[in-house]
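Which chain is which? They are A, B, C and D, in the order written, and residues in each are numbered from 1.
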Amino acid sequence: MTSTIVSPHLQLELAQRFRDVRLRTLGLCNPLTPEDMMVQSCAEASPAKWHLAHTAWFFESFILREFLPGYKLFNADFPWLFNSYYRNFAEFPEKRLRSSFSRPGLDEVLAYRSYVDEGIGKLLEAGAEPEVLKRIELGANHEEQHQELLLTDILHAFYTNPLRPVYRNDERKSDSSSARRHGENPLNFVQFAGGMVEVGFTGTGFCYDNELPRHRVWLEPYRLANRLVTNLEFAEFIADGGYRKSALWLSAGWDAVEQNGWKAPLYWNENGEGWRLFTLRGELSLEEIGTAPVSQVSYFEADAYARWAGKRLPTEFEWEAAAEAQPLQGNLLNTKNLAPVAAEDEGKQLLQLWGDCWEWTASAYLGYPGFEPLAGSLGEYNGKFMSGQMVLRGGSCATPKAQIRSSYRNFFQPETRWQFSGIRLADK
Amino acid sequence: MTSTIVSPHLQLELAQRFRDVRLRTLGLCNPLTPEDMMVQSCAEASPAKWHLAHTAWFFESFILREFLPGYKLFNADFPWLFNSYYRNFAEFPEKRLRSSFSRPGLDEVLAYRSYVDEGIGKLLEAGAEPEVLKRIELGANHEEQHQELLLTDILHAFYTNPLRPVYRNDERKSDSSSARRHGENPLNFVQFAGGMVEVGFTGTGFCYDNELPRHRVWLEPYRLANRLVTNLEFAEFIADGGYRKSALWLSAGWDAVEQNGWKAPLYWNENGEGWRLFTLRGELSLEEIGTAPVSQVSYFEADAYARWAGKRLPTEFEWEAAAEAQPLQGNLLNTKNLAPVAAEDEGKQLLQLWGDCWEWTASAYLGYPGFEPLAGSLGEYNGKFMSGQMVLRGGSCATPKAQIRSSYRNFFQPETRWQFSGIRLADK
Amino acid sequence: MTSTIVSPHLQLELAQRFRDVRLRTLGLCNPLTPEDMMVQSCAEASPAKWHLAHTAWFFESFILREFLPGYKLFNADFPWLFNSYYRNFAEFPEKRLRSSFSRPGLDEVLAYRSYVDEGIGKLLEAGAEPEVLKRIELGANHEEQHQELLLTDILHAFYTNPLRPVYRNDERKSDSSSARRHGENPLNFVQFAGGMVEVGFTGTGFCYDNELPRHRVWLEPYRLANRLVTNLEFAEFIADGGYRKSALWLSAGWDAVEQNGWKAPLYWNENGEGWRLFTLRGELSLEEIGTAPVSQVSYFEADAYARWAGKRLPTEFEWEAAAEAQPLQGNLLNTKNLAPVAAEDEGKQLLQLWGDCWEWTASAYLGYPGFEPLAGSLGEYNGKFMSGQMVLRGGSCATPKAQIRSSYRNFFQPETRWQFSGIRLADK
Amino acid sequence: MTSTIVSPHLQLELAQRFRDVRLRTLGLCNPLTPEDMMVQSCAEASPAKWHLAHTAWFFESFILREFLPGYKLFNADFPWLFNSYYRNFAEFPEKRLRSSFSRPGLDEVLAYRSYVDEGIGKLLEAGAEPEVLKRIELGANHEEQHQELLLTDILHAFYTNPLRPVYRNDERKSDSSSARRHGENPLNFVQFAGGMVEVGFTGTGFCYDNELPRHRVWLEPYRLANRLVTNLEFAEFIADGGYRKSALWLSAGWDAVEQNGWKAPLYWNENGEGWRLFTLRGELSLEEIGTAPVSQVSYFEADAYARWAGKRLPTEFEWEAAAEAQPLQGNLLNTKNLAPVAAEDEGKQLLQLWGDCWEWTASAYLGYPGFEPLAGSLGEYNGKFMSGQMVLRGGSCATPKAQIRSSYRNFFQPETRWQFSGIRLADK
């Protein structure tokens, strides 16, 4: 988070951004019942209601309690109840217990959100000091991260329910041109010169501590695929026995294949008549979304696919160096697709850089040279996860646009599959 | 389940019983929100909403589909969705997935119940054949078992919620005389002659297959404690290091102590000022309910306590032989205590035989000589659990009165603690 | 262990018995290398060297240290190092660590045994008091139990070694008549009247505490199969899909089938040309030993087989009542077969009661009415295992003859398969 | 492995190297009994006998079978029995089963080694082609890696044996000056300019595929500690509550602390009078070896220590850039210390770069830009482990000198502790 000097204009802008973010979170819950918002269907996920409460907790804990004079807690238990993992801040319940938080009820959580909104409103009206504004900005970004998680967690929750409910049942005109377009948008590789580049955040806006310091990196020349790997292309990997050939896999990846019985990406099922892919719009056939990017694959699957294809995954710096100059537009949360969609052929340029799917990189998630975590509890935000995880870049169809930028570093353990995570190939 | 000949009077009685049971289930859910009814907080438990649906499923699956001409399924998915474990009947979801059943919503489950009630009503009005009546009787008994589970599961769910909500917050006048009464109701042992006795169900009413055939058993003379072990008495066992002395425990019991870190019964917590016991009325101090029977103990704890006290646990046949002649009255679900309560001193007779707490016996749960499970899917009701479990007798404060009788055999694995399960001592 | 008065004759007899037992243990190790004697291939098993040391430890700990004046420990570490599970006696290493006991070496363990033998010799020469003689008798019985374990553990160790070494490679004339004899020795059922019987040890010799007190039991009339179920018969169960039909299994048994992927008894393997069964003589074909009793099955498999066959397993008391009057002779360790062998048809009488395979009974392992464990550490011998285990009767081809009697109760958890454990059917 | 042209001189040198390596392996086993060589005491370790056999297998599988005309297998089972993890080569037994390989006995394994030695001898005498020589070189390096593992595995095996045997009991004069010297050799930091450096192997000798290609890396200026962190310094971290302060740890590191109950490095024990450290010379007090480098710490502990000290760990490239110009001498296997030893103060220069302890770096183990694994089965040597592991540099007291160089990359999972792995701090 860079230091900023605050103008009245920026204050207004931030107030608007705060309201927009808070409203969008509620909007994402519109299709959900209070019961839906109780489900926690895997170790990575949290109930939607918990996301609602925890994002309010963040503003209360790191801003209102410290900066709003005379602030009274909404509920004396919430400071520890809705803490996620900030050990320096307070005790917190085991993550797996979140599915037992039937109380507070949704009504009370919504009231908590309003109460916190009011508090932040007061601070902003009063003309907040720079540190407060920085933290509101951080809180908005934090909440946007949870918007994405809320969607991916609900997708998993609905997949786990044997009835496979549909999150969004508005009509989408069938992507009938999929089959036709396949083959018409062949994978091309775009050449980059490499050399000495700078990576890491630059500018005056918001960024996380893990995007800093900006620093120099030497890159050999490289090539990046112009678009993401599609469902149809990934189906060929499966058909060719990709999940049965140990030579294609990292050792730990092969262990994951065997232990979990992986035979396809997370939401793929064979029903005797071909692959069916579960999405926020329900189950669709491979034909219907074949040219959309493959999603919900682990790093291990991305890596094995690349080896099978005779290519490799890009490093996070190759990706960043290529993306920095590109306009930030794509299939992000704001486009309301809520699913990766097929790339339009636009010649030789890079497509689908932003949105659609997070792109697994070949880089382990580590601190940059001179990395300094934020002081205090906020220092636990990013730094303490710097082991055993791989970096993903570019955002997904569930990532708010304000959230993403070329220096943004997402990270997950290599076996993680419940995110919109896909594959961009690289080559020498 | 014994064969019966059905009179019109019995039909009316059964119709009334059916309505009462169904109504009571709903009544037990009155204090619960739809969100509460989603929680599944341990492997043994199920969400309350699932109990509502599964008990309707039982009537639909074993009665309406087979015996109501033209019956149409309420929902084509429910036959497998709400199956618990009847492998011969249909596939069923893994038990742990029940916490993801946000759909169907509570409203739909309640509509399902009404729909099934209507169907059973039609059958009863039409003058059902004996097999149908037998199955309705079985279904009512089945539902009463789930009433008990619903209460014990909610108690666990609320205990797991870090806020520890209260199921029932009506005032109960403080049991202020507890301390005084302790010592005034000393443990006495009642002598029984033993000899050749008959055990197992007799009579014309309902019973489960595992209570049959009635058969002869030879008993040596024995003595039973006149009442259950109290919380205060169990606290002495703890204070004496009972949970730290391996010599008091069965080998598998000691493993359970070490692996689970047991230091007291399930819902006991030390807060620095003494023991606090979580109940459906919230957390109470040991002083408040000290003379009530200790509850939520495993077989291993019951056995270790008995060894510590220089006594033993009774066999299920010693218990049954003593109980058969006793009037069926006690602190059962119908009394609305919803908690074990202190025994009144009534001299040398057996107290608390019925209700309060299930009483762990020293008998393994096995089939009686000549045991025959019911035919078809219903044969999976009891027989397939006949390994690794111990028998409990007498019912608890959560057991409907119609459910219990002297030949009724409950059974759980010896490490199970989430039930109202307590201790009656026996002696030579 | 019953109280005895000791005559000089008995003393001599006991001295001889002690020597015989000790010598036999060493003899069983003849085919083994020091490296073989290090292997511990499953949680139930111990290395052969550990058996050698622990059986010496038993005599040292419970006899020499207490009763031999001036006894000096062979090694100050051995009292805790070779303790198995007697918590009251001393700390002991975790069982799984026994495979790391490369030191003391075999030579030192053999020297330890000689040293202990010498000590016991001195006690016996001096004319030991009754308690000492009782304990020597107990120690001899204890060692005989470990002889059986040593053999079953080595069988498992050799099975685990991918080379599948042979314990005993002397020629045994091929049981060529197997196929022919099958069908000529059909399974018959022998009728027993039941009624009031006495069970439990009677007489003046040695017995364990768990065989006492002798007491009365009422039995309904029953029938026992004249011989054990054969490999060929069990192969029919497999061929009929026995391991794929959940309805044949106890619930916990079906869990075991699924979790462990059971498809046949422990040492059976399909090699494309039919079943191969691993034995102490190496791998043999089903044809070669088809009429021998099936062995290395769990209680769950025995129970499922019985259900498939329309029969049941006997209770331990039905077995004991039938066996008490039968002469104690059979295929025990002393016959040197070291494998179950086919029964000879001798009409309608009970065959294979003793030896061949332990027979799973339908009885849970619990204390008899009035059961009293031995005082002190020896009280941990039997009593503390009285939960979650099933009783087996009759001994196996690895059981020393002196070890077995009609009241002897062996016990294992129902999923246990590494023993010579087989199936005798019972019927109404 | 770089391509080489082979002169007769090089052939002779290689023949000598081959003999030396093979002989040293046997020498390391001198203090061991055949029983010691059976022990496999943790998941990472293998029995010493297995190391003996597997290193012979490597020569047989990748050289003799392919290149020695008419080569006959020593034993037809060994090709799969002693395969470690080369899936492309043959099936192999689960690693944990190696402790059941009592057969082949040690004698047979030694004969296998001689037989293989003879075969390699023939090839060398005949004037082998370059590919053969390259593979012999690879095999020698492979065997040297296993020499190190053999020692660390035996240390763990002896630590697991409750008797804690001593591998090497020759007298070593007490390091009496330890206490005195502490404080006299303070930790200094040596400055490096960074800038554009080249890393990766260069030259004509042997290297592994993962050291290539040599490539450019940009480094910011940095400082490295002149010596490793000592036992006494690490003891201060412990005394300051280092293992109880979650803020010092990576999130996954803190999980490891809690799950494994870590309170000190692997072989440290408190006996009431201070720390005792288990070594190949037996248990020594902290006083005796206080100024020696701390060893057997995980990456998580190294990282937490650095954070506590206000420093950080170096990257592998910072390390390599600093080490490339340094003479290769230090406390390696060849010095026969078999333990890390205290650094001598030599002013401001880098000490203990080579040997003593492997140094955890802050770099994840990944392929270099353009990394190409070897073709065929040998390609599984390094590449397939490139996920979830951290790089260590510099070798240890158990690393043969010929094995190590500035570009050598060792790698382990961050929780690994059974190696001689220690800590060098870095600073801005």
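Here is the rule we go by: a residue touches a chain if its C-beta (ideal position, glycine included) is under 8 Å from a C-beta of that chain, and two chains touch if they have at least 3 such contacts.
Bear in mind that the values here come from a model prediction, so they are computed numbers and not experimental data.
Chains that count as touching both chain A and chain C, per the definition above, are B, D. Most remote from chain D, judged by the distance between CA-atom centroids, is B.
If each chain is reduced to the centroid of its CA atoms, chain A and chain B end up 46 Å from each other. Our note on geometry: chain A versus chain D, Cα centroid distance of 39 Å, whole angstroms.
For this pair, chain B with chain D, the centres built from the Cα atoms lie 59 Å apart. The set of chain B residues touching two or more other chains is empty. Taken as a contact graph, with one node per protein chain and an edge wherever two chains touch, the assembly forms a single closed ring in which every chain touches exactly two others. Listed by chain label, the pairs that touch are A-B, A-D, B-C, C-D.
Per the touch definition, chain B reaches chain A in the complex via residues 33-41, 49, 77, 80-81, 93, 97, 99-106, 157, 160-163, 165.
Against chain A, the residues of chain D that register as touching in their complex are 85, 87-88, 196, 215-220, 222, 246-247, 249-254, 299-300, 303, 315, 362-364, 366-367, 369-370, 380, 384-388, 390, 414, 428.
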